[in-house]
Structure formats: C-alpha cells, structure tokens
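There are structures below to look over.
Common to both upcoming complexes is chain A, partnered first by chain B, then by chain C.
This part shows the complex of A and B:
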C-alpha cells in the first residue's frame, strides 16, 4: 500500500502541486463576495489555472510571499454552505474539509454579513486555522452599514480583517493575519455553535465512539458527530474515503514530526 | 404533520408585502439549500415581484434577492407583519 504525505495527497485528490516550502491557503466564501478580485490582488500574475480532477470546474492557484514564508493560494468556487449540492460547491467543500489547508480564508460580503456568516460558522466547526476577511467594506460604507470589527473578532474567536480588494485596502493586514495563523503565533479559539439539548446530548453520546478512531488530527470529532447526525450518507461516504487515504498520511506526518 | 398557527404559505404573499417565516415544510436537500440562503424561522421576507406567468417570485431576504418557485414557496409558512 502506497503511503501518501500531504503534498502527494493534494496532488492525487485535488490536482494541486505545491513546492516543499509552500504553505497552502484556501480561499473560500459565498458567491459574488469579491473572492477572485482578492485572489488576483494577492497573487498578481503568479497564477496557474486548470481544472479540478474529474470535474469541469475551474481551479485557480496563485503564489505569493510574505515575510519569510511562501504561500500557495487556492481560489475555491463560491459556496453558500459546507453541505453542498452543485459540482462547484462540492469542490469547495471537499477542499475545505479534506484538503487540510494550512490556513482557510473565508471571504464575507460586508453588505450582507448575516447571510454570509453561515459559511464562516460552518467552517469554524471544522478547523481553527482560519482568517475571516470582511470584503467590500467600501460598498458597505456607501450603504451606510457600519461594522464593529473588534466585537466581531471577539465573538468569533478568530482574526477578522476588513478589506476592499478592488481598492487594495486591507490587503497587508490580511497577509499579516494569514502569516500569523500559518506559523501558529496567534491564539485561535473559534466560537462553536451550541445546538438544542437533544442534538448536544446526541453529540455527547457519539463522541466516545468517534474518538476511538483517533483521527482527531484530521477531523474535529464534534464536527464528525454532527455530520453523522445530519444523516447525509454521501458526505459520510466522503469522510470515510478521505479517512482511508489520510490515516496513512497522518501516520507519515506523525513520523515526520517525530524525526 | 406540523401545523403552524394562523400561518399562510409564502407563495400567497402579495407583491410589496413583508412577512416573517414561522416554519419550513421542505425536506432533504431543498430544505438545507433554503436554510443556507438564510431562510429560517424568524427571518423577515419581502415579496418584490412576480415572474410574467406568475412564477417564479423574487423575495428579499437578509439584503439579498432570491427567486423561488411557487411549489417551493408554498411549503414555507409565514405570518404577515
């Protein structure tokens, strides 16, 4: 049986070729939030486009450097939810859940934060290594929407950055936040949604069963419990598929760290 | 079946009226999709305009315009406000 490391896994499942020194950044968000504008202003002409393996969905990758680190940013298709229905959404969902990016950047539309936060809260259940980017703050200003970023950051427990990608506003602080999360110098404590008593009790019942598999390096056990409760069979199959290949990867990574 | 007290289907809301969602009767993928768009109990919805043949209808939900088919909107229960 072939043992995959992270870069081999990325190449095999997602068609992403990364240089050894590159950190992987996933760029996710709802549709029409200026994600691609942000992507273009961060990566400039250092881009590579293609398709996702086996899908007629565009895949754009771009690189940039900040301080002493090199980053490979993946521009994911727009999605409203982690529980996806279209091929585009599935690509985005699979990469966030199974691609194990070093940092996930969630781009939100400042003019409709309420609707956009759905995706952010879902991703916060999966990973703690994320940066929330509130884009289109220029549009929000025009519509006389003011956002209390300090409170938002405190309530979400992850870095929140305000940007207007079209004007190049906030890009440096976004890079700084990405950098800090990537090197682990920032304390992250994403707020977890508390569900109804019934759901929380069911999660508590499931957790010991899930923890037996000891894949907490790959998936947040609470998140797996919630997906099991959802009863989305296709998604559960997907988790199993990635688990088989990645428990191998996890073992090699453990070995790498030990060495 | 769940009954929603004095509620009416979203599909019966006239253009220009605003209502509040009290319950969803949708199932499965469509229910998930609708919820992902922010259509959940408590949300205010304004009926903006109707398509030429009376279907679909555009609604403003949380600052975004969303078009829904009559068959789907009829499964969303609302109270007029």
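This part shows the complex of A and C:
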C-alpha cells in the first residue's frame, strides 16, 4: 500500500499542488462578504485558478508569505452553510473536512453577523484551527452597527479579527492570527453548538460506536455523529471514499510528529 | 498502527445511525438546522448593537414589495398594469399595420393579374403566404413591441427576484424547491430556456418537478395569442370605457391560473411519483438598479420581439402557403383541411373548441407563435372568402365561424395549459435524458388542458343552454 503525505493527498483528491514549505489556508464565507477582495489583497498577483476535480466549481489559489512562513491560500466557493445541499457547499465542506488545511479562515459580513455566524458555527464543529474574520466593518459603521469583538472572541474560543478589506484595514492582524494558529501558538477552544435534548441524546447514543473507529485525530466524532444522524448521504459516501487515503496519510503524519 | 475499521463496520455504523434517526420520526435533520440558527441568534444578540439608523431605501422598498400583506397585491397590480398598457397601446398600431399590409395585398393581386399569373400561384403566394405574414405582423408585432420592453424593464429594475422571493414559500408548501420560482420566471420568456434554467436546482427530484411544470406559464410565443384573443373577444363583453381594463383583468387571471396550476401539479407530483423532502435554499435579493435604457431596448426589441417575430414568420410563411393549399385541394366536396377539422370536430367540440382550432394547436407543435396564423388561414381558406382590412374583421371572421365567448375562453385556456412546443420537448429530453419524463411532460399538461376545457364547457352548457 502506498503511503501518502499531506501534499500527495491534496493533489490526489483536490488537485492542489503545494510546495513542501507551504502551509495550507482555506478561505470560506458567505457570498458577497468581500471574500474575493480579501483573497486578492492577501495574495496579490500570485494566483492561479482552475476547477475542483469533477466539479464545475471554480477554485482559486494564491500564495503569500508572512514572517518566516509561506502560505498557500485556497479560496473556497461562497456558501451560506456547509450542510452540502449544493455542489459549492459540498466542495467547501469536503475541503475543510478531508483536505485538513492548517488554518481555515471564515469571512463574516459585519452587517449581518447573525446569518453569517451560522456558517462559522458549522465549521467550528469540524476543525479547531480557525480564524474568524469579520469583514465590512466600514459598512457596519455606516449602518450604525457596533460589534463587541472581545465578547465575540471569548464566546467563539478562536481568534476574531475585524477587517475592512477594501480599505486594507486589519489585514496585518489577520495575517498575524493566521500565523499564530498555523504554528500552534494560540490556544484554541472553539465553542460547540448546543443542540436540543433529543439531538444530544441521539449523539450520545451513537458516540461509543464512532469512537471504536478511533479516527478522532482526523474528524471530530461528535460532528461525524451529527452528519450520520442527519442522514447526509453525500457525507457518508465521501467519508467512505476518503477514509482509506486518510488512514494512509495519518500514518505518515503521526510519524512526522514523532520525529 | 491506526486502523479505521473495515467497510463492513462502517456499514453497520450507518445502519445504527439510520435506526436512531428514524426512531425520532425523521426530524433530527430539521432540528439540527434550527438549533444552529438558534445558537447563531443568541450569539449575535450578545455582541451586536444596532444604533438608531435610518434604513436605506432598498430595504424600505423591499419591505413593501415583499411584505406579507402588500407583496401579492402589488405583484398583481404591476402585472395587470403591464397588460393594460399593452392592450391599450397595441390597438391603434395594429389597425394601422393591418390597413397598410392588406392594402398592399391588393397591389400584389393587381401585379399578379398584370403578369397573367395562374390562379393557383396567386393563391399560394398572395392569399396563403403573404396573408399569413400580414396577420402575424399586424396581430403580434404591436403587443410584443409594447409588452416586452415593459417586462424587460421590470426585470432590469430588479423586480423579478422579488417576485421569486414572494412565491418562494408557496413552492416550499408544494414540497418543491424555492428556486423553482426563478425557473418559472424564466419560462415567461421561453419555456425551453426555463427548462434549461432548472439546472440551478440541485435535487434531482425538485429539478424534475420544475421541468415538468415549466410549461404552465405562457411563453413569448403564447402571450401574443392570449392578448390577441383576449382583445378581440373581451372587447365585446363590456361597455366601451372599461374594455382594456377588463381584458387586462382576463389575462392576469389567466396567468394566475397558470401559476396556480404550477403549484398544484408540483404539489401532486411531490406527493405521488416524485416523493421526497424539500431542500433548503437562500435567495439573495440583488440591489435595485437604474435600468439601462439601451440594454432594455436592445434586449426587448432584438432579443425578444425580433426573435419571436422572426420565428413566427419563418414558420408562418410556409405554414400559410401549405394551409392555403390544404384548404383548396378538394377531395369529394370537402377540402383537406375540412376533412381533418371534420375528423377532429367531435373531440374538439366536447372541450369547447372546434376542429379547426384543435388542428391549429396540433399543427402548431413546432412553435406556439403560429397557432393563431394557422387558424386564421384555415378559416379563410375554407370557403369564407371575405375581405379583411382590420382587426374588427378578424373578430367577424371568428364569429362567422361560430366563435362565442366560450370558444375564446377555452382557446385561451388550452393555449395556456396544452402540451409544450417541440423545442421545449426536445430540451426536456436533453436535460432529463429520459424518454419517460419527456412523455410525462407531454401527457401531464395535455390531460390538464383537455380536462379543464371539458369541465368549463360542460358547466357553461349546463348553465346557459
């Protein structure tokens, strides 16, 4: 059996070619939140675009450096959720879940934070290596909306950065937060969605069975349980597809960490 | 060594999850989504403060146009206003064009006599081909040239997405996808385009529902027919002053009936052969835009008016010639058209039409634009050789051939609900890749059209005769 490392896995399943020293950043967010503006101002002209393998969904990649690290940023399609109702949502979710980016940045629209938080909360169930970027704070100011960022960061348990990408405001603190999460110098404790009793009970019932698989290094078992209970056929199909390669990749990653 | 279990173990896990899911009455998925929303709401309330702020006019306008109380009335008002302007505005130009074109027919006839052309050549070319063209242009061009710019204007202003938004929850109630409201709006332009636009719906079940019901909104090719018949027959029904208002009302009701049928059929389909759960979607309302006059004119005149007219002319010209020939080739003592119409008459009569109308619908399968021209040509060719100068004569022609208001109503209903045109059917075959669903797309509307016209006719006969 061939043993894959992270870059081989990214290439095989997502068509992403990364240089050995590059860290992978996934950029997710709702539509019309200035995600592309942010992507462009971070990566400048070092971009190239293509399609996701087997999907008619655009895929843009761009690179940048900060301090001593090089980053490859993947611009995921804009989605309102990652419950995989559409091809875009499936692409975004599969990459965050199976592509194991070093950092996932979620861009939120400051003028409609409530709707945007839905996506953030969903992603926080999958990965803890997150930076929340609240963009369009200039627009929010115009609409007299004020956001308590300190409380928001405390509630979410992951770094929160306020930006106005069009004016270039906050981009440096965003890079700093990405860097800190990437090298693991930030304590991350993403808040988890509290579900109704019947859902929580169902999850508890299913968890022991999932823990038998011991893939908690790859996926949050609670999240896997929720998807199974949701009867999400696409996820069940994709996890079957990916598990084999993931286990191969996990072996090398464990070895890398041990070294 | 890390192992993640075999495929078999995963299958077992899946089964166990399925068991728990179904034991809760299959509502866990919905509960998960609403719990996520509740969490986000609570969090947002903790951190967001909205200062006093006057909402911008887009939000204000949206609140009115998409409000629960005013949304539908405004929609109806706009729709009937558009029809009213079309009908009022189209009358005069129609008369003028008809006068000019039929005047020229006499000139043509004189030329044919001058060069001593045989009678049949004059018949095919002037009485058949040219006259069909003249009818298409004078009856269809003016309403199109007014209706399409108005419709494009509403589209360009950004009003159509609001219509989709208003209709969204009705589609959900019918267990169909909210995006179907968008594909339905596309269908008002062209049903084939509407069918293609169903690609935006991801769930195969909901996509099929949208494809199968797209035909129930009248396309560019059917609007002029509806407006023309409505104008001709609505005119006599009420006193002079309110005529165009009444006609606009009739057309609006007809459109509502089409939309209503769309809901009803979607509802029935999703409870019978296309059962399943509704998927969610988010509809983003684009900002209102100042319409670009140039692009409105270009799109409505070139893309729509000229396109539809060209298609009508291309098919109507040969159809006119052929219809004339069929009307003038006699077997025993009846023309070919007469034979066909005679054959169709019993079934047509039971649904309030006559053999000629049903034949026109059948011959009109390639394109809905030519149904009215074929009908007119077959009436003219079948013996009632009258002089035609204007639209009043068209009404007389129809009345002479036994049309009543009931015939007009049934013709409009049949036009609204009958089988899709050949282009749409081919598109459905291409999009679904299935002969079965293409046949369904033919059978469902046809059955509905026949049934409804039958019921209307029988009730009318029962009440009035």
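Miscellaneous remarks
Operating definition for what follows: the second predicted complex is superposed on the first by the 258 of 259 C-alpha atoms of A that agree within 3 Å, B and C clash if a C-alpha of one lies under 4 Å from a C-alpha of the other, contacts with A are read in each partner's own complex, and residues count from 1 in each chain.
Following the convention adopted for this analysis, a contact is a pair of C-beta atoms (placed from the backbone, for glycine too) under 8 Å apart; a residue touches a chain by one contact, two chains touch by 3 or more.
This one's a predicted model, so the numbers in the text were calculated from it and none came from an experiment.
When both complexes are superposed on chain A, chain B and chain C clash. In the superposed model, A:144 lies in contact with chain C only, and not with chain B. By the document's definition of touching, neither partner reaches A:211: not chain B, not chain C.
Applying the stated contact rule after C-alpha superposition, one finds that A:31 touches chain C and leaves chain B untouched. Within the superposed three-chain model, A:236 lies in touch with chain C and out of touch with chain B [touch as defined at top].
In the superposed model, A:12 makes contact with neither chain B nor chain C. Set against each other, chain B and chain C differ in how many residues of chain A they touch, and the higher count belongs to C. Looking at the shared chain after the overlay, A:85 reaches both chain B and chain C. Listed for chain C are the stretches 164-172, 218-226 or 434-442, of which 164-172 clashes with chain B, judged after superposition on chain A. On chain A, the surface patch touched by chain B in one complex and by chain C in the other comprises residues 80, 83, 85, 114-115, 118. Of all residues in chain A, only 31-32, 80, 83, 85-87, 113-115, 117-118, 120-122, 143-149, 151-152, 155-156, 193-196, 198-199, 202, 205-206, 209-210, 212-215, 217, 225-226, 228-231, 236, 239-240, 243, 246-247, 250-251, 254 touch chain C in the complex they form.
In the complex of the two chains, the chain B residues touching chain A come out as 29, 32-33, 36-38, 61-64. Residues of chain A touching chain B in their complex: 80-81, 83, 85, 111-112, 114-115, 118.
Listed in rising order, the residues of chain C touching chain A in the complex are 1-5, 7, 9-10, 13-14, 16-18, 20-21, 24, 26, 28-29, 31-33, 35-37, 39-41, 43-53, 202-203, 279-282, 284.
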